[in-house]
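What follows is a group of structures, each given as structure tokens.
The same subunit A turns up in both complexes below, where it pairs with subunit B and then with subunit C.
So, the complex of A and B:
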């Protein structure tokens, strides 16, 4: 017993650890959100919150519903796989009108299982008048060079130019039609 | 705007990890190294280094308290840092480090210091007044039992704690090397030797740091420096430094021989931007010079004053060299593009959140903590002899 008595101070130190651990558990109980770990190492409720964000991109399917002539032209050219909104910007509002509906349950489900939000026809409804949000026509003099300025890091087969030497200051669309940029495809229209 | 030569990906132009991330492994290295020095006396019975035992422990604690601050400042939102304890992420090395840090702080350093000082704490509690008495009273945890038997128990438990502390110190600093060594996208860092190099460089810096602190503080206290003690420390420093240097050279030779796709880019970097910090400061001034100086003291019988001067110079150069090593790892690893086609530059700010002044402040802060600890728990007492509990 005297051994235990002489080791009493060690029990006090150990007691401090136990006390700190208990406080930790209590604080943890109140601080960690209830939905934490529901799907992984994050707050499960965050999924719904993110899914509730208003959509910004409509997706090329939505654009091609009206602009089928452009889609036809584009699919035969080098830019076939460049999505419309990559150059024209996010245009959900143009498609759906200025009033943005809240994402539907299906959209939320897709987000929950980790898939991207697809253009949902029920959600991406046409506004009565898409002209309420009119997209600005991109300036090809600044737009094209974003991808086509020569850089050592780009693959050799990728068309790249020194813009100043290549066009002599003229906008790219003078010779290249952006939706189908090969010169033999017709140039500016 | 950083100066860029050749091609850099946009997210490589500005460095993500600043001088504070250089400071972090430097500080934790001092902690691990100081603890290893303390364990020499406690576990390995190197009685000659006894005068530095307690100072080494307090140094380790002072630096360990400051170790997370560079990370807190770099990351911002310090209020979020407890989250890594509340929601432990077992597959994230960085997240698990919180536990390593806490273990090392509480279960190793604080416990060992408390056990070692318990007799003194009780005596100081009984002989002090006012606020100081209250502080010592809290530190006794309400137990004033300093019977021979209870002190013998402390001795044995303290020995076990030190024994556990050695792998813990390796884990603490090995982790820092692991963080860099495991980044496979960065050829400057990605090497399984990195944790081992970090551990040995930590031992070198910690031993040099405590040796310098001991000499400086003893001089300031106008006491006589125990030359046998600094001779022994310098001898260990010399041997461990040779191992550290050999490992670093092994890593370097391996890279040169392997000469993978990153080699030309890294080789160019070492011969241009990193020439001064890596070749001149780290290898020539910070490694070879102190090894030669310490080597001279091992083979030539020099007078006491000359040896002390050599130890001071070698110690300072060692710390500079180890800091340069951290700098070259952290900053050097971010100066080249992962495309191997370009380089950026790092310009340290002066008064920014991660600038020079903050770095200097964080370097000096542990010394202030050490001053407070030394005032509170004087390491110079007679009661620093340990029975050979492990025998």
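So, the complex of A and C:
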């Protein structure tokens, strides 16, 4: 052991390394988010956060729950597979109520320390009154031509017209009811 | 600034509480959604696309995509029968406002909607130096905005040009396959508003999904198959000239 007699400085140095490594492990434990590595080399909680993005389109199932009369009318026509929001725009807020402001930092702090109860998401967004957000009636003059203007690039079987020649300036809904556009389906008002 | 020992004793626990608060993560939003039971993809039917731009507008609305950037866009191809390798391709404002009227001529015209292919072996996730982008267990390629540094390696790596650096957040941004919708049982915004059904969300792990029968009976192709990205945007009727 005489060879190690003068090696004290090496052990002290090695001790420092071990200490530094332990400190690194402790710091790392606190800095790396808990869900990192849960599913792979990424933060597992990121998926929940991305999924928390508020939706803007409600989906046609939601529309048809209340507007079953329109759904029935649409079902038999050429526009059966054109969903409501394709023409009427994004209407999640019509279904779920207008978006409420997110709780602020102070509010969340109160919840954290137990001085306030967390808000119920169902109370934050409710659709007691769908009329708070209502769709604007689409203008058929701009809406219909978006799809039905004739162009060589469109599939051949798709119904296409030259709007200027086709209606003589009359709005489309004079002859075609958008929910069931065939003229013999009672289009004219 | 001088801090006394007494002040320090108060400040340290306060800082610890604050840090705990920073680390607190949002819990799983849809408790009924099981990631391992899905493998998402998209079916895009070229023969049905009319170039109306509904998908591009809906995507912008649904995902707050900044002006001038696109998570999905539509291209119009114009291909002559003599020179298939050099098609004329236009995509004015990503097709957001539709396309100019095309007059009949001797060449072939068609529309190609484009978006993230949600590759199973995605080149964009492999180059991320910090683990900010990944293929989720349900097959969706996502970006963790809290971890992303905005180095844009992934923007360069994507062979399909589907990523961009968000001008405000300064992190990589891309199609999430409307992750907030599909985890709730809704379809994506672009599929919801497509008037002709040219886009369909598909779940390859769902044995009842009609995609299995469709893939078996149609000439379906993915973009740049030679790159072996495991792309899951399946194109029906894809012309050989499409890049």
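In the analysis below, the second predicted complex is superposed on the first by the 113 of 189 C-alpha atoms of A that agree within 3 Å, B and C clash if a C-alpha of one lies under 4 Å from a C-alpha of the other, contacts with A are read in each partner's own complex, and residues count from 1 in each chain.
Note that in this section contacts are C-beta pairs under 8 Å (C-beta built on N, C-alpha and C of every residue); 3 or more make two chains touch, one makes a residue touch a chain.
Quick caveat: nothing in here was measured; it's all calculated off a predicted structure.
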Superposed model, subunit A: greater residue contact from subunit B or subunit C: C
Which partner does A:153 reach: the first (subunit B), the second (subunit C), both, or neither? both
After the superposition on A, what does A:137 contact: first (subunit B), second (subunit C), both or neither? neither
Pick one for A:41: touches subunit B only (first), subunit C only (second), both, or neither. both
Given the touch rule stated above, what does A:28 touch, subunit B (first), subunit C (second), both, or neither? first
Do any residues of subunit A touch both subunit B and subunit C, and if so, which are they? 36, 41, 151-153
Subunit A touches which residues of subunit C in the complex? 19, 21, 23-30, 33, 35, 47-54, 58, 61-63, 76, 78, 98-99, 101-105, 109-111, 131-134, 136-137, 142, 144, 146-147, 176, 179-181, 183-184, 186-187, 189, 192-197
Subunit A residues touching subunit C in their complex are 30, 33-36, 39-43, 45-57, 59-60, 79, 81-83, 85-86, 89-90, 108-109, 112, 146-147, 149-155, 158
Enumerate the contact residues on subunit A facing subunit B in the complex. 2-3, 5-10, 12-13, 16-17, 24, 27-28, 31-32, 36-37, 41, 151-153
Could you pull out which subunit B residues touch subunit A in their complex? 6-7, 9, 82, 85-87, 89, 106, 111, 114, 118, 140-143, 145, 147, 149-150, 153, 157, 339, 341-342
